Amino acid sequence: MQKLFHPFDPFVLLFTIGFSFVGIFFLYKLIRWIERLSDKDTELLNNSIFTVKTWQALKEVIWESLLHRKIFGINKRLGYMHMSLAFGWFMLILIGNVESIYYSGRFFKPIYISVFWRFFDPGPSFPQAVYQPGFAFWMDFFLLLVLSGLALAIIKRFRSVWLGLKQTTRQRPVDRLALTALWLIFPIRLLAESATCGANGTGSFLTGTLGHLMSSALSPEPSFLSLEPFVLPLWWAYSSVLLLFFVTLPFTRYAHIPSEAVLIFLRKYGIRVSRESPGYTDLSTYSCSSCGVCIDPCQLSDALPGRQVQSNYFVKSIRHHEHTDIQWDCMQCSRCEKVCPVGLELMTMRQLSRTDMAMGSKSTIIGHPGRNGQAHRILYFAGCMTHLTPSIIRSMSQIFDQAGSSWQFYDPDGLACCGRPLKLAGQSEGANRIKEQLQADFLASGAELLVTSCPICYRMFNEDYILPGMKVLHHTQYILELIEWKRIRVDQNKLTAAYHEPCELGRGSGVISEPRELMSKLYQKDTTPDIEGLCCGGSLGAPGLDLVTRRAVARGALGELTSGKPDVLITACPLCKKTFGPVSEIPVMDFAEAVARSLTGGSVLPETSKSLKTRHKQQVAV
Amino acid sequence: MLDGREYRITVIGAGPAGAAAAISAAAMSMEVDWYDKENRPGGKLNDYHQLFPDRATADQILADFDGRTDAIEIKKHFGTAVNRIETDNRQLILLSDNKIVGSADAVIVATGFDFFDARLKEEFGYGIYDHVITSPDLEKILKTNPEDLRKEGADPVSIAFVHCVGSRDQQAGINYCSRLCCITGIRQAIGIKELFPSCKVVNFYIDIRAFGSGYEELYREAQEKYKIQFIRGRVSEASENQQHRILLKAEDTLMARPLKLTVDWLVLLVGMVPSCTQVQIDNHQCTDQETGFYQPVNVFTGSRIAGLPGIFMAGACGGPMSIPEAIASGRSAAMEAWQYLKDR
Amino acid sequence: MKKYWKDYQKDIAEDNYFYVRSCIRQNFFPGAENLFIDILRNKLGKVVFEDADHTTCTGIGYHTDIVPLETTMTVVARQFALMKEKGFKNLVVSCVTSFGLYSEILDLWKHQPELKKKIAGYLVEATGRIFDEPGNMVHASDILYKYRHEIAAIAKHKLVDKETGEPLKIVDHIGCHYAKTFPERGVGGSEFPQVLTGLINAWGGSTVDYPERRHCCGFGFRNYLVQANRGYSISQSKIKLESMQPYEPDLIVANCPGCAMFLDRWQYTLEETEGSVYGPNDRKIPVVTHEELAGLVLGYDPWEIGLQTHQVPVEEMLDKIGIEYDPDLKYADRQGNLIGNPEMINQQVC
Amino acid sequence: MAGKKNFGFERHAGRQIDLDHADNSLATELAEVVSAWSACISCGSCAATCPAGQNVGFNFRRLHYKIKLSLEVETDNYPSLLTSCLLCGKCQLVCPRGIPTRYLSIQIMQKTKHYAEVIPPV
């Protein structure tokens, strides 16, 4: 038993070097991350450490980092693959430690002992151990779990569709190196442990059986000595592949293993990505596992085939401080943010990487807070884009008047902008200047309700503006209220329609149900496809897209939206309407127009639908 | 021979319009006499390099016409310039320098056009400075020897095109728009950029009138693909410096500021004026007072020239026309002549 | 440069000239007009009549909106009346501004005969005189152009560099009112008038065709009358001088007194204010009028014909051609006694 | 050299746009990034619909046209006021040539040196 008390063999050094390298690296990183937090965030951190939030964070670490619950939502097999690798490996380490403590009786001992425990203690004899649910049994069980996940990972590399991913990330060379190292760890461990067990006639159902098979394969009569020469080399191999993995880990996607845990804690404490806390942004880039889940939802994957613009590539480009322009190639539609298993604030990270040039800082916004000083209950802010779709403005004024509400049109001459387009382009300073101006105007108007037709403005008013005593509604919400309070009456017509949910309204602002309720009140048949909201392509988030790409995105979205053969496409955003208009085969209308038509008894479809159709035909050729 | 009666028709002019008229007339089995002052057909097509908008080469069109005119029986009288037509009770007598050269039942005049003589715009220095050329000159250079554009073996550094030279110009007494110089200038500019990619090409224009199908697309391609610069403003003056490069003075009307540019070649996009070898028809006033082009009796009912019956016009002798339009008008003139002869 | 100007030929009277002087020329180049008359009378044997009663044509007043057009027309009609009384038909105008003005008035009368009658009425009312339009009206430089070969025949010097035998490089500048307003009134039309190049070529010099050849010399009346505007005037001259610089001209000839004066004076001002000089090897370019050029070629004494009043010293040019002159007598009066040098005239500033 | 004498008037620097010695590096750089910009026909729709342009002397058409002629964007009597652009994108929606004018505005800001240093990226 001499080996038990101070077990050592040179091969463990490789693992130890690797492991300590990773330890020191991430210790240094941890300090850097916390150091480069803004005072506000550091305060948040200090006040929340010894509170229930830490327990909640710990729970989330288990649910997310180990079990990857969120990925199960995307695809069960993909979820199982990640869970098996993460949770399986964690259990191997845990049980390995307990086993080594139990047998060696020493709680504090070099870390390598538990990792290579099977080498030092071949364990219970085979085949009896198969039936005793002891350590060996559980170690084999979790090893098998990990290997099953590994098999799925290999399949994903070649046929990712089977795991629900049309496309997967094209990894960098160093990532592929770490990947191969990771893939080699567990098979070699299996062989190493089985060789030891085979040579000593021990091992449970997996290692024992395999060990036995190996020894019998090598020599006809069952002699244990035949495996002896293979034991040490296999353990050397196991330790060196671990070293390779640990050395490459900090520079590859696997840095997310330690980083994500730290991220979960800081996020639970309320810290968010901001210009003032570069540390947290850096931590976020390390937490990205580059799993490629964000590629499929991104509509630019089809519109810009072959271009690596999706969030995983973008995060990697910031992390490695590469100077690229892809921070501009993102429509800010947040479809990727919705599915990101690590929950990174991808939208804000893109905005921050867009140099702030204090745009919009010199312009003065002219609006009309109150007509001749008289306060009105409702302030209607059409939005700059809505002035290019005047039918929405005309319809809204008809609705306001029909409902007899006391309202004031804030920007009749279209000289006001909410500031969000600046924010989307990373111009936070300019955006703030505009916000201050409008905010003061709105409060000065004395209105209680601010209604806007543009989801982009709506989100800005909700998220950034501080309007005490003032409610903000998108006109779909306001119209629904009018109907529910019987202030206006709409009758359902026989047409079939489909609703395109603007990104900034649905995902962006959480206004999901009201538009759909309005649809049911307006149209007999609703063929809206049950998929995540699609971006129309006209987004301000991606200024660099040329017209051809935008039209490609629009056509892709239309293909889905009109799959149910609707007569008309309804949307709730002037920009979406303007983008779909020239490309859509069927008329595109805003809720306001549809409601106004049914109120004033006008024809249900815009009169020009026929000419619109023919005109669309030619323009679709662009 | 057609339904038992002999129809003899004469086509004056062997350009695209004349060729089309002759071919169609022959196809309607009329007896065709085909005259041209040059001793080969094709008219100006012989000097053209590439056409717009699809940049087919002029030689292709020529070859196609030659092929078709050779295949059918047309009596060609090239090298005789018919310059007068007189009537002798239902017969039309053709005279060349007062010598009778033929007669016919109907005549199609397709004498084409001439380019505006850029020397009348002295301020541009055409005929005074060597490196000031017109678009037809450039077309010949591009067709025969583009190398001439090089100076001592070096590529030209910058070339300027001036639109509306002798068109829409009261000073030059030509108030109509010649329609085709814009697109010619655009296509030639593209031709230059293809030959000398690093050369800076600037087109000075008042309005770009790219009206035909495929014209606007060519204009856009010139802007975006070939990076040809279009400056809105008339060049007022051109003078030569010691290196024989041409100094241009213009105003960029979008900046409302005067502008100076020195170029290796100045290309004047000259307009289309009536051909000097027009055919006199008995002493009838058959041309438009203002422009000098032949005048139809009624622009809606057909191409019969005012004055004597049985004389029709085709092609650019009736006004600025592109080659496809000229060809089409050639065919329609033949058709009209046949109808006239049949109903007579 | 190809010869195309032949399309613009103009008929110039042979003899019996009624000469009207120029107020600018008399002031800026006092010897020039007498020189012109002397050449015509004594060198070419022409009859040149000069009427002491004739006045300014009020051209500068008209161009600067001080004198109404009808007044100017009446004054010009009076000149014609004087000519009629003396029995002459061929008017020779010394100043280009007058020449332009006379052409403009004759053209106006041609298109509005009733205007001519009205002016005739005014003249009779004011002076009791009646007038006829001149049979032939030309500018003084036209006459020299007509007899350029006769002058060449009796010339004592050639516009050639004495040492190298190279013809002098001479820039010609034609007054805008000479032919730009009425092209058919200029020898060679408005774009490339030949009236001065004809002289230069006939007398052995070589002409320079530089890009800004037809640009305004800077005189431009309103450009310089008000001091604040003179910036415009000098800017035009600079454009011209800068453009001719590469050609390293030896001399500038102008047929309008204004052009000659400004191209001459502004070279001094440009040198003073900006230190820039435009002649060959950092010298300034001397400027002469057509009569002076003829006088030099015919061997007149440079100081006799008033070249010392020019801003840019002419000595170097005279030496180049090989014209003798007495440097000490540059500032002497007719009797030979010195009247003192002008303040900075000879100092070669940079 | 001559002292700078003052005669009571100044010679005027020419207002001529000198295309011979124009430095068009910015223009070429922009034309590469936003290639459709070369197809601009200066129709003025962008300047017309621009909300910032109505109240402030910011004329987007004149600004990017000046760059095309390699003229100085920032002059004292014609400050470009580019920073007053709201990036709202209305100009992009109305441009008949389909030019991504909003992106052009961003690129001009970034490529016109002294703006970019205003606030460095994260």
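Annotations
Each chain carries a letter (A, B, C and D) given by its place in the written order, and its residues are counted from 1.
Keep in mind that, in the parts below, contacts are C-beta pairs under 8 Å (C-beta built on N, C-alpha and C of every residue); 3 or more make two chains touch, one makes a residue touch a chain.
None of the values given here were measured: they were computed from a predicted structure.
The chains in contact with subunit B and with subunit C alike are D.
Averaging Cα atoms per chain gives one point for each, and the point farthest from that of subunit D is the centre of C. Chain centres defined as mean CA positions place D nearest to the mean of all protein CA atoms. With centres set at the average Cα position, the gap from subunit C to subunit D is 47 Å. Mean C-alpha positions place subunit A and subunit B at a centre distance of 65 Å. A separation of 39 Å divides the Cα centre of subunit A from that of subunit D. Looking at subunit B, no residue sits in touch with two or more other chains. Not a single residue in subunit C touches at least two other chains. Annotation for subunit D: residues touching 2 or more other chains are 14, 36. Interfaces, counted as pairs of touching chains, are A-D, B-C, B-D, C-D.
Listing the residues of subunit B that touch subunit C in their complex gives 119, 122-123, 127-129, 237, 239-242, 247. Those residues of subunit D whose C-beta lies close enough to touch subunit C in the complex are 1-14. By the touch criterion given at the top, residues 14-20, 31, 35-36, 38-42, 62, 65-66, 68-69, 71, 97 of subunit D touch subunit B in their complex. Taken in their complex, subunit A has these residues touching subunit D: 275, 278, 281, 318, 328, 352-366, 384-385, 387-388, 413-417, 419, 421-422, 424-425, 427, 429-430, 434, 538, 540, 543-547, 575, 578. Listing the residues of subunit B that touch subunit D in their complex gives 202, 208, 220, 223-224, 227, 229-230, 232, 252, 254-255, 257-262.
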